[in-house]
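Structures are listed in the sections that come next.
Two complexes, one shared chain (subunit A), two partners (subunit B, subunit C).
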Partner chain A sequence: MTTRPGTTTREPRTTRHHWWGRQPIGSLFALPYLVFVLAIFAYPLGFAVWIAFHDYFFTAPGVEVPKPFVGLDNFVTVLQDPQVLESFRNIGVFLVINVPLTVVLSMVLANALNAGIRWAAAYRVAFYVPYLTASVSLVGVWLLLFSSGGLVNAVLGPLAPDPSWLVSSSLAMPTIALYVTWKQLGFYILLYLAALQNVPRELHESAETDGANAWQRFLNVTVPGVRSTTVLVLVLAIITGANLFTEPYLLTNGGGPDGASVTPVLLIYQRGIQQQNPDTAAAIGMLLVIVVGVLSLAANRINRER
Partner chain B sequence: MRTTRRQPGTWVRYLLLTLAAAVFAFPFWFMVVGAFQESPTNTPGQLLPTSGWTLGNFAAIDSRIDLLGSLLNSLVFTAGVLLGTVTFGLLAGYAMARLDFRGRGATWVLMLLVQMVPFQLLMIPLYVQITRGFGLGDTYLGMILPFAINTTAVFIFTQFFRALPQEMFEAARIDGASELRIVRSIAVPLVRPALTTVVLVTFIGPWNEFLWPFLITKDATLQPLAVSLANYISNVAQSTANPNGAILAGATTLAFPVVVLFVLFQRYFTASNIGSAVKG
Partner chain C sequence: MKHPRIAPAAALLTAVALTAACSGGGGGTGGENASGTGPITVWLSNNEQEVAWGKAVVEAWNAEHPDEEVTAQEIPAGSSSEEAITAAITAGTAPCLVYNISSAAVPGWVRQGGLVNLSQIEDGASYIEDRVGDGAQTYLTDDGYYQLPWKSNPVMVMYNKTVFEKAGLDPENPDMATYDDFLAGARQIVDSGAADSAIWPSPTNEFFQPWFDFYPLYLAESGGTPLVEDGKATFDDENGKAVADFWATVYSDGLAPKEASTDDAMSAGTTAMQLAGPWAIASYADSVDVGFMPVPTSDGEADPVTFADSKNVSMFTACENQGTAWEFLKFSTSEENDGALLEATGQMPLRTDLGTTYADYFADNPAYEVFADQRTGDVPSIPNSVEAWQAFRDAYSSAVIFGTTGVDEFLSGAAQTIDGLVQE
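After this line comes the complex of A and B, so read on.
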């Protein structure tokens, strides 16, 4: 019935195959989704780029004021702003802590879960309940646990840091990184669990007959076997790190202390909506996307090398 | 020989997993216990309280943020997203999987691109567009609109309909059924397992979302619980004598529906394979 591509016989197709397809009603079915994507993604995306290159400001409704093209001015303003630079540095601190912890812990825990152990389902649920739960809820809990007189400091006793976790400029960002690692880990464990199913069992068996112990097999069979998932985990962790908003907003009271945990998205909110400078805010957004893109490409290289 | 060498490895494995599970579950224990305690403890020795139980924390937070109203707003927000995603996502997914129409390839490319567009870039233009362009600031519709059709859900529907046998649809067409009728009498009745997955995946998005409803709602009576709880934590708590219990009560209320939903539907989640669906 169906003609294979490359065959020259086309008489069965011409009778029913029209320019608009065999079931043109399909475009009607897909239309609401298409309109949604155009209105909520495509148009704002173009608008964001347009705002970033213009002197854009909010006016009273109905008032038309020229918004001149200013080239790269907004980007120059943003790049000379020490707070913006600090926010990108903070993201760097976040990634340096969050990414290795996430990759190592999720790979090790997924590997431990995969070995056909008892109560695997219960362990799995424990791991991904934080991922499913609202960040606002969990931030509230961490806020109390890590406060100056909180449980964590009570356990640490004389070892408790002073100033405490969330009010120390050197510990605020690492605490956020720790929180996000904890919150997201369950999702990454799931990704690795799925990937582990595709590592051929024979590879493990032949490594075992060669005398490799469990640790050596993990390093030489499992880790290379799930490399493409590791790249995915890296990219997703980078995106999550670049998107931080709720955590610095609530956990460190708006990026404190002294901007030590301020993030680009927090600045987009403050500049764009609180201080009514959507043009510089849009420029921060574009810079952020470029940084994320470059980092993701770098992560992708890991997959291609070796 | 083999078993003796395996034994220590297994032991380490259980120790590791149990330790990790404890670290993962502990904040939840702290949250739920603290929510029902007169004064949530900061002393490690009192983590298993035997007295001091109270519902006062829920009353305390309710007196400041209207707990029930916020829950209702969360529900409207989430229900709106679910409704949009299930109706339009199902239609789009069915069309992508089973219908041959002009623009199908382009739609598929769009679906892939949407997954790559970061929300932080869209935040400012969407805010301008929805509050100023559409005048939808402080409305449920404005809250729902950016999440109205979850693209991941469209993918799930597409994969599901693709896996159904082609003959079912061909037979209906030969019998002269219209495409709309095929959707109604074949696609929709079979979609249950995919629907469960879609509802779970979609639900946690709007229910947990903070940033967008926070931007778009100034009116406290419209704020979903995630936003009003965040307001309580960042503004009200400082001026309250003993806010810890109230924060934990609010956190428990916000977390509870998702955890319950997930625990209830977990078996559907794993059993949602096409084989069982086709067999009935």
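After this line comes the complex of A and C, so read on.
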């Protein structure tokens, strides 16, 4: 093979990739986040899995004690614990109330705000303020509202439940579910408002031309148009709900009454931190990860199947 | 989009695992640092009067020991002192001394290897036993003193004299020493409308709440028998049943609310009585005219044993200058500094002959004298202590507060659970 005079030889383009990728600067910028994920996310997760399979407790530095592998013993222990099973049942009750309410209310309210109703700005603020306010502060307000001598019972008069909302085994978890729905609504409305901007106006106009009324347009144009956001809302609501801690800790005083609002994360806190049994706490955490994972997958599948 | 399936894992486990992740690395043990001298750090509770007392003591020490400077600070913020201390032990950042140790937490910290056995210090055991007398044995863990018994807040029944008068009860001599008389008086308070409730123990589910409802009355009824003795739960007997039945009646008759108060019920006048220690005298001095009576018993014992609610001092293995720490501990618990503590806080130093040692103080402050005269018992030092108290509280809540299970079932079930926990 000869080379023409006046031309230069070019190296053939290589397909070899360096570990830092094609753009070393880009990798460099991403590195802090990668370190963050590994240190704060991956390592603790892996370590927690390891703890769940060992007889483990926290020790002072330099104190060496045997931490033998115990197989599934910690999982057997927690699965035979009535309190753990009750905590998962309680979370089930919470999710059954909270998740549908969250999806329906946030979608409907976002649609109303998007339609340009009067006082829309005031409503927006009203929806966002609970989301922006610390739960600890809001819990204080709800305690005043829903305690036996609170405002809600005063309004209900003879119709007030006895025992009252937060000390009734059957009403405590639904009350918490309502509280969390109300508190988180602003965030989910925001997601839906963003999604509604992407629903083409022409679809609404053509449906209207075809004779569809407002309800039919909402059902057949808006709802399918924001389906991917609905899946996101479902998944986030499931994750948030399954990780419930602050509300049963403060609103019903540590999972009361009589364990009716105890949650897996509350038990993780009690077992792992207060009682210094991180091994069984980690086992509860693993079970919760599996449950949340399965529910999130199911929610995601809704999007694929339609 | 990120991976939502993985996300909850981190949220759930980070808190648990991060603490453990910090536990690697070397550190000192008690033996290596036993005679070290030099600067030390001590933690105080966040009680305003205790902080003031602590700073004065530290100032006095530092003036005479410039090479062994002591730095005092409040226990770092946390939902409880115990959690902050547990995390500090695990991370190797515990101070030399903490002046707010609950006996219930000590066995767990001993298991962690976080506490120094004071009995191994040359004059450790003798100093503690000379100070506390026979009662010192209560504070042994694995045959060693891992805490120096420091001060107590004997629990008594505090009542609002104005509410009592309104209900037609004699505020100077309520005559409510027996369960029957107590319940009759309580009904009188509620029926008369003098207060919405007769007494308002916190019905919440924290492991330590039994110390302020069941346990003082159980100690009184049983003559001072701790919850667990010789590795066995003691309360599944006629004494435990009498106390549990008493509280169950209080709740079932609507004499005590089943939900937590949203404000200070004594100050708000929504309840007439609380179980409280001498700290309450100063706290309510400006708002409520309070009186105190011993906790009731079935037969009206005149001088019952009650819960000490003690707070003690422990030395931590992370301390590099344990020689200084021990000397400072003795200095801060000297007769003079105990007297200053009593003066500043109204809390009772755990030492023999309290009444005679500080006779002048009690002569000037007669309201506190009744607390000094109380016979007290404390929480036993047992394995899995917090877990045992939590199991007790869960079962108690179910049977006594909410009435969903029977009292007999609660006593036998909780005793069986606790027997298993203390044997582990």
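In this section, the second predicted complex is superposed on the first by the 264 of 306 C-alpha atoms of A that agree within 3 Å, B and C clash if a C-alpha of one lies under 4 Å from a C-alpha of the other, contacts with A are read in each partner's own complex, and residues count from 1 in each chain.
As a working rule, a residue touches a chain if its C-beta (ideal position, glycine included) is under 8 Å from a C-beta of that chain, and two chains touch if they have at least 3 such contacts.
The structure displayed is predicted, hence computed values, not measured ones.
Applying the stated clash criterion after superposition on subunit A shows that subunit B and subunit C collide. Of the two partner chains, neither subunit B nor subunit C is touched by A:G225. Once the two complexes are overlaid on the shared chain, A:L297 sits against subunit C while remaining clear of subunit B. Look at A:S27: by the touch rule set out above, it reaches subunit B but stays clear of subunit C.
By the touch criterion stated above, A:Q270 is placed in contact with subunit C alone, subunit B being left untouched. In the superposed model, A:G92 lies in contact with neither subunit B nor subunit C. After overlaying the two complexes on the shared chain, residue contacts for A:P174 are found with neither subunit B nor subunit C.
Taking subunit A as the reference chain, the count of touched residues is higher for B when subunit B and subunit C are set side by side. Residue contacts after overlaying the shared chain place A:P130 against subunit B, while subunit C stays out of touching range. In the superposition on chain A, contact is made by A:L166 with subunit C only, not with subunit B.
By the touch criterion defined above, A:G255 lies against subunit C but remains apart from subunit B after alignment on the C-alpha atoms of chain A.
In summary, superposing the two complexes on chain A brings one listed stretch of subunit C into steric overlap with subunit B, and the stretch in question is 8-16; the others among 8-16, 116-124, 350-358 or 404-412 show no clashing C-alpha atoms. Applying the stated touch rule to the two superposed structures, the overlap between the subunit B and subunit C interfaces on subunit A comprises residues 40-41, 43-45, 47-48, 51, 58, 61, 140, 143-144, 149, 239, 242-243, 253-254, 265, 268-269, 272-273, 278, 281-282, 285, 288-289, 292.
Of all residues in subunit A, only 19-27, 29-30, 32-34, 36-37, 40-41, 43-45, 47-48, 51, 58, 61, 105, 108-109, 112-113, 115, 117, 121-123, 125-127, 129-130, 132-145, 149-151, 154-155, 182, 185-186, 214, 239, 242-243, 245-246, 249-250, 253-254, 264-265, 268-269, 272-273, 278, 281-282, 285-286, 288-289, 292 touch subunit B in the complex they form. Per the touch definition, subunit C reaches subunit A in the complex via residues 1, 4-5, 7-21, 23-29, 82-83, 86, 89-92, 94, 108, 111-114, 196, 203-207, 257-260, 262, 317-318, 384, 386-387, 390, 394, 397-398, 401-402, 404. For subunit B in complex with subunit A, the touching residues are 9-10, 13-14, 16-17, 20-21, 23-25, 27-28, 30-31, 34, 40-44, 88-89, 91-92, 94-96, 99-104, 107, 110-111, 113-114, 117-129, 132, 145-146, 148-149, 151, 154, 179-180, 183, 204, 207-208, 210-211, 215, 226-227, 229-230, 233-234, 244, 247-248, 250-252, 254-255, 258-259, 262-263, 266. Contact residues of subunit A toward subunit C in the complex are 40-41, 43-45, 47-48, 51, 56-63, 65, 83, 140, 143-144, 147-149, 163-164, 166-167, 169, 232, 235-236, 239, 242-243, 253-259, 265, 268-270, 272-278, 281-282, 285, 288-289, 292-293, 296-297, 300.
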